[in-house]
Every structure is written in structure tokens, then in C-alpha cells.
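So, here's a batch of structures to check.
Each of the two complexes below includes subunit A, the first together with subunit B, the second together with subunit C.
Showing the complex of A and B:
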């Protein structure tokens, strides 16, 4: 099916997931408002139900191959956008399940919490479909607004207030950069749709404009040197929001980066590859080295997240179809492992009310299930076979080898070792050290479900990645014309390894 | 004549903008900002952007500036000398940027006549307010609708973050 501009009922179908979610979040808000006595976890299940419907719709879109553009190519629905939307909606669903116990810590506005989470998810869904500079700006701002509030949700907690303020000020600064960059690009080319900009020649204004846009998106994905907000914001924010923040906005920003680099700037590839290689090396090295010194698990995961983003950037730096496949696959593995690790942190934090790594001593005695789950997630983040992270790293390194980015791979491999060290320090604490308080930890049903989903994803992606690789390969078919100078001998759909 | 008008408007804009940051009394700063907004609106009228001029006055002069005044008056901001220590840095950056602007202006020279592009036929038949309205509700419908959602988030977020009885109850 292919739709064109004129707006009709059939065109609205392309917007169906977004329309469903918009309606649903209004329902959630209204139910919360007219029925204040309703227990808030019912509201959470209501939100999860809505997200499940949206998820089913998205899978249907993917299977039916529905695609097209709306509003003069401003809004695009293709398999790439659907892939990112599935990731975002899936993350949101798990985050809401993981929030249900944590929400009791908020003294007021527990219902609006779910509304704001859904609203941010909606913004990020629009981000995945953004296909011109105007919708990039407005959707990026839309998705960030909910987060400004969510990060500062623990109003009685000073750290949360500080996190909210820092995130807000730096976020507004990034928004300014984005707007300025967009105005320069529009001023130089007179066009805003990504594919139209592709024909532009490199004038100084255009270069500065794109650099500013990359700085703003670099802020969103939290790559060095735009990472300054990450540690404090992650530390102070309510833990489920930290989990959400560490995955969904980054995924959505990568959707925009991918389209912008591969569609608008395909002709300037040699220039941006250098840029991405530098950012990738900086992110990996800085993130991993600083992570070693962390005493707080949320800060540690924040820095390890910076390093993981450096890994994802390797795929982007490869700049080929295979690079984008590897990137998408890596994001999938990162989603399960990182969300799972945060789920364990939330579950433990709900009981012991602490996020210090020291307090994870002897976790195995207190809850063998959580300790084992954490072990699996950390090993997957480190890239140990046979878990998902291993396949993700191999895939992304192979994509980079095809392009001859050997420096990047060497740095990446060194960083795998560094990362393994600090992940194993946590493992050692959990398994070898003695607990201070050996009482068993109780975990609620929804929390257990989230941990199980994370475990299932991490193990299945590691052992049987074939269907997922087929999925990401299918999602990036639009980039199959992009082959690098050295990779052109390989047909773009050839897979590096079997399932 | 048009050039004379431009230089008058531009001159007042630059002057009042300097006063906004230069004056010690915040109320005077806000008032000079008001004068600046009106002159920017005048600049828009001279460029045949009547809609933008109206919006400039309604939104900036009408709403945002009143908000600033409220904040300044309610917070009872007194003379704040601390910020003036940044003067050397500001002066340094200002001189650097000014030099750059002058160099660029000299390089390009004044030989080219800047001819404002004539309004497209669509614009000249209907007014530009109609044209903006039409494109807002056709081509740019999506950002327009998303903006309404952003307002909803901002509204609810502001209530959550700022409602007072949360801490006292």
C-alpha cells in the first residue's frame, strides 16, 4: 500500500498507532480525574493495556507492509519507523510495569505519572517518523517536555529537583542549538525535507547548521562531549524514569540521526564518518573509564550507557546498510539488557531504599533470582557469549571491519575489557561478599514479569538471533543502495553469520 | 524612505537591546524590552509580514512581557550586582563577534543590492494571514496538532511541579 499527500480516511490509517495512543492517554487522564479513589496500579494496567493495543497495531503494520508519507513527506511510515516505534512502545510498557511499586513513593500526582510517561512515549513515536527538520524540532521538544517533569517527580527529594533543573537547563540549551542549526540549514537550502536537502552543496552555513543539529542530537543520545547532564540526571531521577531515559529517547534520536545521515547527508559521508569515529571513541573510553570509579549503581549504569552509545555509533560510523542493521540489532540487545539491569535496581531499591553498589553485597543470598538476572544483564552489556550483547557487538564490529575502521575496532575491543572489569566487580559483590542483612528480598509480580522479559530477550537474542536479524535487515531495506567503497563486493543482504 | 525607516527601526532595536542588559533596574530593562518588541514588529510590517507583526505584539509585548513584569515585581528583584562581574568576558566575546561581523561585511562588500524577493502570487492574492492559516491547517497540520499536545504536557507538568500544597499538607 502506498499513500500520497491528499488527506483521506485511508491516510489517517498511517497515523493509527499515534491516534490510538493519544486517545488512550486522554482516557487515562480522564479516568484518573473522575475516579480519584481508583487504585493507581489499576491505572497502570489501563496504560499497559493501551500500549499493548498500540504494539499489536504496530506489528500488524510491519507484517502488512503498510508504508507511506503524509503532509508533504513530513511524517513517514516505513519499516524503519515501525521498528523504532515497536522498540519505544515496548520499552514504555515495561517501564510502566516496573514503576508500579516505585510510584508509591510519590506523595501526590501518582495518576499523572502514567499520563506523562505515555505522553513522552507518544512524542518519541512521532520522532521515529520525523522526516523533515520542522517535525524533528517539534517532536524532539515534545518528547523531552514530559521528561523534564518526570525527572523532578520526587519533589521532596533534593537530588531529584537538582536533576530536573539540570536536565531542563541543558535541555533548553540543546533545543536552542537545534533550532539555530535548523534555521541555518533552511536558510542555506530553502528546504526542510531530508531527501530534498540531499542535493545541497556544502556551504559554510550548511556545515555549521548540521554541526549544531548533531550537537543537539548528541545531547539526546548522551554521547561525549554532550554527556554532561547524564550522571546527575540519572542519579536524581526516579529509577524507572532513569531506565526509560536511558533507552527510549536515545533510540528515537538514533532514528532521526539515521535518516539524516543516510538520506540527507549521504554524499558527505567521508566528512561525518570522521566526526562519528571521534565521538564514538570518546564516548566508549570516557564512559568506561569513569564508570570504574562509581559507587552508585545508577551512576555506573549512566556511564556504562554512555559507553554503550559509543558502541552504537560504531554502526552509524560504518555508514552502510550493514552498519545500520548492526546498529538496530545492537539497540535491541541494549534495550533488553539495560532495562533488565534497571529493573533489578528498581526491585532491590524498593526494598533496601539504596542504590549504592556496596549494598548489593551478598544479593545472591537474599534473592538468587535477582542476582542471577543481574549477572545475565551485566554479562550481556559486557558482550559475553552466548548472550545478546555478544551477537550485537560482533555484528557491529563486522560492519566496521567491512569499512576498514580498524582504529575504532581496536578501541572498541579494549573497552570491552574495561567494561567487563567493572561489571564483574558488581558480580563479585553479589556472589562472593557476605550480606549485611541476610533477610530475603520480596519482589512484586509486575517487577518479576519485567525481569523475566529482560532475561528472555537477552537469552533468545543471544542463542537464536536469526529472526531478529531478518527483522532489522528488512527494516533498513531503504538504505540498501548505501555501500561503502570496500563493502561493495558483498551484496548488502548477506548476513555475517547464521542463526 | 524605506531605508530610512529601516535604519530608524534597527537603530532603536540595537539601542534598546543594549539598555535591556545594561540598565540596573530590572523594571526599566523590561520596559526597554517592550520598546524593542514594538520596533521589531515595525520591522516585520516593513517586510510585509503583517501576521508576524501582529503576533509579535500580541504574544511578546502582550503576554510574555507582562509575565516578565509580574515575575520581576513579585520576586521583588533588587539591584543585582553579582552579574556585572561577567562584564570582561562579555566584552571580550562581544568584541570578537563584532570584529567577525565587520570582517564579513567588508569581505562581501556593499556592491550587491539586496532585493527583497517579491511575495509569491498566492500571497499577493490572499493576505499573508490567510496564507499562513491555510498552510497551518493543511501542510503543517501535524506540527500544529503536536504543538497542542505539547501545551497539554506543559500545563499538567507545571501543575505537578509548582502546586504548593504538596509540601505543606
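Showing the complex of A and C:
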């Protein structure tokens, strides 16, 4: 096959955010090499500055409505891709700010840390734009390489090494599944671009191929039954990386899932809805129930993250325009609340050097600000109004109920109650118990900024979500004619179980 | 169905958010005395606003009054819609009234973490007032859930019992469990409206607005499903027998202020008359539903009263008597006639003066004897005559002695129940008798006889603040008891509208107001 590549200046413009970031991470690395005496937090600010520029570019793309495809449809830029990129770059920016104190714990390679974080972010930006199976494989692996190193960054810490090894082995395994699945799909259809595959008919090879691809992406989003690596990896990894890992790769993997399911497999919707419903129910229930037994806050957030992903999958399972809107919105609320919660964990951990929930006793006495912030983040994750998580859950459930997914909703609602239980356990520790050491906690400036951003996002998304809903609705316009709500087509009395 | 009246000034928004704003101001202060005074000023101001609303309220009208309507999340059909009508306006006044009394009561009984206490109390007031004035179901749900947060802290941090942590968690999780099913019901209501709106091309096709939802007819079997889902939400919150198990724990272990709120402000039964009956008239009049609800109500009356009879602790006794009274309220509601509904609504208000009043009395006893348990009480009448007198007056009102408010409410409920079926009325009367028995028996053992062991002879009688609390409660008790007309007139219009709605069923009525839909409906 002859492969010719033609690119014009306008084509390059589509790559502008990626090009900027690539340049910038080279700059960061070069500065670190050339100027070893430079204080490492300057390097962090340098990275943050670069990311801010990328973020501005992305917002400009979004407002200007720039879209198009590159490299024979491998790489797509549309509002959906831009939405995901904004989420990823925003998360990276906050994670770097949150890392600045933590990085002092590393004995070596403090400068390279920022480089690796930026590189992972770049990989995930490409993931958001992946439009064929080949680019899915490349971008997924690209984004994971940085994480392999970052997870094991605490070299003296056995837990971190264990985390890195587990993450690596399961990551490689997932990569194998992905490659094998892609080869099967390509073998059956002879096509790799998402929209071309849409016309394929269901053959056993194709089905197995897609199941393998889903399994691989399931590892990335950490849905049950592909969650095995999550608790240990989250526990052992440096906390800022845990925070990063709990949001950005999941967001990026959802970008791929969304495109694949809604574009390539739109005709097979009944089949994948069943699959997603099952995975969603398992993730929510397993995540929440196991979270109850956790003593370590990072592990608890890991399991609660698994459950949250189950919630996101409800939106995906609805398989409608509204479902994808709800999913995007939910990811947004999850980003702020989860990142905020991890920011508090990092801030507390920097001082007390512990992540045990027991050590959060009396946090309210030691730092009312952190305790209040944690309260808000946990309540938002639990879906208590009027915080972001509540609107997100309403949106998701509304999308699902339009599709008649009653079992899923009932399970989801019961899980809300279970989740509130273990979140309240932390609240109780923070507010009711007496601290062992009542000395006030000191928080650095960048850390405070991250917590404030999380708070602002969590509260604004709850109280005034309208512009954000408009944004997600605009980002998924491409799906509006693909799958419409089916509920209105049904006769109104048809319900799986009526009184 | 319902007309809307506006008021030039967003007084309901102010009513809802004044306490919350006050709580934020308290946050900035450090001085304990100043905090208490400011909290009192805020709740008195809130009462003033509530009085303005009550005085400007047009009685004998079914209209939604003081309406405020803004878009909140248009893509999901969620709006910021506040209004009061004859059903809810009295609750707003009651909430403001009780909060003042709680602040007065807490003046020197709450010593630890004073600032946080008043902040939580004011936040709680915001959420409760919010529940009563919300017309949009999601907004209603927001306040309904939000109420759990200050409640949790109030019970946990200022509870008096050793099991308060357990009680707080139990309360939050039980209520939440019911609420999530209610949320599903709310979503189904929205879905039903959506289908109807899409068929007739009405925009916007999503809404959670109570007044809009009334327009869409709901198929009977779906009504039943939604009814039971919402029932769970209201039944856990109320709490109705057999969903009541959290109530004795919370009332027994929590602080007295919280007990006053939970026993005095009947959110669960309010939910039934506000949303379930008008939105789901066919389900509400369904014979199975009525039978189940009436049976639960009668069981609650008998169970609550009998168990109250054997309680040696006044707080647990009052908790079970609350369960019995809630049975009465449900009995009136599902008699489904005018007297029943009116009596039920009036009883909900009355309980805010009687049961809540008895909790204040229990609080006075507790601050004197460090217990409300019979083993620590006895022969108090001679030591604290004023307290004993007010205990008796409020107790008699709770029993329903003619001349007090309890009588008017219970009489109307029994009238309604007899009209529905003689059997309901007959069992209901039984409850009244038991009610007299448990309370008077407790009173006799606590107040008369020899002074209990270990009690200091120098127990002081009610101080000025406590007298003020008792007096204002007594004023309300006799006002409603002797001259209930103003209160009944306020509710008449709305109650009548509910009754009509129940008789007519869920056929579209206000469709004519939407020119787009009219032609198509005629075709159907």
C-alpha cells in the first residue's frame, strides 16, 4: 500500500496545541539539563506556563469552531476532541501545581518528573483525537509510557516499586489485548478508520476483536472486571500521580470509547448496551462495597473511583446524544471533585506523611479550610445537592431513564446510599474525632490554589451549570443525528415493571 | 389548574437564604455572646418576613402566591421556582417560629462549639424553608437532601446520648435510601411529561416544574409505580410505620433542638399532600393504595400509642407518640375528603406546637435533672410548679382536649375518616384514648408522688426565656384551639383544589392554556 502524506499550513494548524506542547516539553527538558542549579519549582512554573498557553489555544479552537482531520483520518479535531483535550490539559496543569511540594521527596530526577508528566499529557491529547484503530494503539501506548515511570518514581519505596511493576505488567497485557483485537477487526473488515468500520457486518472475528479492544480500554478506565491493578497502583504511586492517573487517562479512554461506540458500532447498539450495563453495575457495586472496608484514603479513593466510572458508564450505556452529554458533564464534575479530594490528600500527606484515614482525625481543628474542602469534594462525589456531582448524577440518570434502563438506575441509586456511608466515615473522622497532634497544618500557595480551583469548580458546576451544559451539548453535536432517544417512540404505558 | 400570584419583591428567596447568609456572617465572628445575639436577630427577622408573607397571603385561594420563577438548568428542564399556597405557607411560618424558640432554648443549654451550632441551625432553617417553598421538584429535592448535612452535624456534635453517632448515621442513610427512590419517581414524572410533550410538540419537553407536571396525564399503572417510589421517600422521612426505626434513636440521642425540628415539622406528610396527591390522583384514590396506607396509618396509631405507654424515657415516649400522630395525619390524608385533608394539614401544624412543645419541656427537665428518664424523676410538681403547669397544658393539647389546637385537628381527621369508612374512624378514636393514657401516666409518675432520689430540692423553676417559650406555645395552642378560622381559611382554597383534583383524576386541564396543544387534544 502506498502511503502519501501531504500537509499544508492549515493542516498544521490543527496540530497547533500538540506542537506547542511538544516544543514546550523539549524546552523544559533542555532547561533542566542546561541549567541544573535552577530550582525545580521554577521548572514547575515553566511547565504550568506552557500548559496555560496550550489551554488558551484549545479554548480558542473551541470558540472558533476549528475542526478537520489529518493523516488520512487518523487524527481528528472537532469540538469533542477539544473538550477532552481541555479536560486533560487542565488536569495536568493542576496536577503539576499539586506536585510541587511532593517532588521534594524524590531523591533523583526531580526535573524529569515534569517532563514525564507533560509527555503523558501529550499522549493523552493525541488519544482524544484518535480516529482510527492504529492511532488508538499508538496513542494509548504513548500516553502510558510516561506513567510506567511516574508510578514507580519513589525509588526507595517498596510500595511504589510494586505499584509500578503491577501497572507495567497489566498495562503490557492490556496492550497485547488491544493489538490483538485491532488485528482481528482489521482482518475482518480491512478498515481501520472508525467511520469506515460502521458499515461492517457482525462476524465472529469482529465481535471478538471489539471485545478485546473494550477489555483493553476497560483496563484504562479501571472498570470492573479490569480493575485489578487500580488499588495497589493508586496506593503505591506518588499521590500527585495517583490523582493524575485517576482522572486524565480515564477521560482520554472515554474519548476513544465514545467515538468507537457511537460512530463505528452505532448499528450494534443493543449489543453493547447490555455489555455496558453489566460493566456499569459491577463497577458501581464492587467499587462502593469494597471502599467501605478501606483504611487508607488513597485506596478508598481508588475504589470510589471505580464506582464513579460505573456512573460514567451509565451515560455511555444510554447510547444517546443526551447520554454522551451527561457523560461529558459527569466527567467534568468528577475531575473537579476527585482532583480536589486528592489535592487535600496531598496537602495533608505532605505534612503528616501518612495516608491512613485514621490520621485524618480532627482535621477540622488542624486546618478548617482543608477539612471543609474535603467535605465539599466528598459530598460532591456522593452526589449531594447542590454540588456538581448532584447535577451530574441527575443528568446521567435522566439520560438513562429516557432509554428505559431501570435496573441500572435502581442499582445506581442504591449505590448513592452506600457511597455516602463511607464518605461520611471520613467526614466523621475530620469533624468529630479529636486530633492526636493538634498543631495547625501549613499549606503551600500552589496547593491552596489547586484546592480553590477544585472548590470553585465543584460549587459553580452545581449552582450554575448552564454554560457547562451548553458546552457539553455543543461538544457532542456530531451525535445528534446518530442515535436519537427511543423512549418517545415507545407507547407511553410500556414499562418493564408497572405497578 | 393553578393560578399564580406574584409579589413585587423576591420575599421567598429572602426567606430561604436569609438564615444561610446569616450563618456565613456568624462564621466570621468569634465572640460567643455576639454570635448568639446575631443568630437571634436573624431568626426574628426571618419570622418578621414570614409574618409579612402570612399577612399578605390571599386566603381561600388555590393560587400559588409570591411566585418567583427563573431558569436554572434549561436543558434539563430544572427551574428555580418558588411559591407558597395554602398548603405550604403555614409551614413556613411554623419553621420560622420554632427556630426562634430553639435559639432561645439553646441560649445557655448549648455550650460547646457555639458558633458551629448556630451556623448548623440556621443552615437547617434555610433547607427546611426551601423544602416548603420549592415548586420545582428538583429544587425541592435539593433542599430535601441538603437538610441531611446540617442535621447530621447537629445530631452528631451536640447530641446528648451516647449512641448519637449511630443515630446520626442511621438517620442520614435511612432518609437517603428513601430519597433516592423518590428521585427515581421524580425522574419518571419528568419522563412521562417528556413523552407527552413530544407527542404534542410542546417546548420545552423536559420539566420538573410541579405546575407543568400537573398538565401531563399519567397512565394509571405508571402512576402507581411513581406513587410507591415517592411513598418510600416520604415514608422514610416522615417517618411512617414501619419505616420509623430511626426516629426514636435520633429523638432520644440527638439534641433537643433537632428533636423539635424533626418532631415538629412534618416534612414527610407534607410531601404527600404537596406532591403525591395532586400529581398522582388516580394512584392516590386506588383502592389498594388507600387500603395499604390506611392500614399503615392505623397500625402506626395503635403501635405508636401502645409502645409509648411503656416508655420510661420522655424523649422516646414522645418519639413513639410522634409515630402515632403521623398515623393520624396519614389517616386524614387518605380519607381523601375535604375534612380529612384539612384536619391532617392542621394537625401537621399543631404538632409543631404540641409535640415540639413537649420536647422543649423535656429539654427543661433535662437541664434540671440531667435526664428525662422516669427513674430520675418524681414529685417535681411541687418544686417546679410553672414547668409542671406548662407540661400539663401542652400535654393536654397533644392529647386533643377540646379548647386546644389538638382537638380541632383530630376532630376534623376523625370526621374525615368516619366519612371514608366507619372502621377507620373507630380505630382512630382508640388512638386518642391511648394518647391520653400514656401522657397522663407519665406525667403523674414524673410530677407527683415523693421527690425522686438524688434530686436536689433546690431545683429552680422556669427562667424568663423558658417562660417565654412556653407562653408563646400556649398562645398558639389556644389561638388555634379557640379560633381556628384564620388558619383554616388560609388552607381552604388549596385543600379544595386538591380534593377536586382527586375527584377528577389526572386528565389534562390546563392544556387550553397552551394553544399549540389544544387542537390535538380535541382530536384525541
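The definition used in the following text is that the second predicted complex is superposed on the first by the 477 of 499 C-alpha atoms of A that agree within 3 Å, B and C clash if a C-alpha of one lies under 4 Å from a C-alpha of the other, contacts with A are read in each partner's own complex, and residues count from 1 in each chain.
Just so it is clear, a residue touches a chain if its C-beta (ideal position, glycine included) is under 8 Å from a C-beta of that chain, and two chains touch if they have at least 3 such contacts.
Please read these numbers as outputs of a predicted model, since none were measured by experiment.
Applying the stated contact rule after C-alpha superposition, one finds that A:424 touches subunit C and leaves subunit B untouched.
In the superposition on chain A, A:432 makes contact with subunit C only, not with subunit B. Contacts of A:410 after superposition on the shared chain: subunit C is touched, whereas subunit B is not. Shared-chain residue A:266: touches no atom of subunit B or subunit C.
By the touch criterion defined above, A:289 reaches neither subunit B nor subunit C. Of the two partner chains, neither subunit B nor subunit C is touched by A:441.
Of the two partner chains, neither subunit B nor subunit C is touched by A:13. In the superposed pair of complexes, A:473 makes contact with subunit C only, with no contact to subunit B. Once the two complexes are overlaid on chain A, none of the subunit A residues touched by subunit B in the first is touched by subunit C in the second. Taken together, the subunit B residues at the contact with subunit A in this complex read 138-143, 146-147, 149-150, 152-154, 156-157, 160-161, 163, 166-167. By the touch rule above, subunit C contacts subunit A in their complex via residues 71-76, 78, 138, 141-143, 145-146, 148-149, 152-153, 156-157, 165, 169, 172-173, 176-177, 180-181, 183-184, 187-188, 190-192, 194-196, 198-199, 206, 219-225, 227-228, 283.
Of all the residues in subunit A, the ones that touch subunit C in their complex are 325, 379, 384-386, 390-391, 394-395, 397-398, 401-402, 409-410, 413-414, 416-417, 420-421, 424, 427-428, 431-432, 465-466, 469-470, 473, 487-488, 492-493, 495, 497-499. By the touch criterion stated above, subunit A contacts subunit B in their complex at residues 7, 22, 29, 70-72, 74-75, 107-109, 112, 115-116, 119, 122-123, 126, 134-135, 138-139, 141-142, 145-146, 148-149, 152-153, 155-156, 164.
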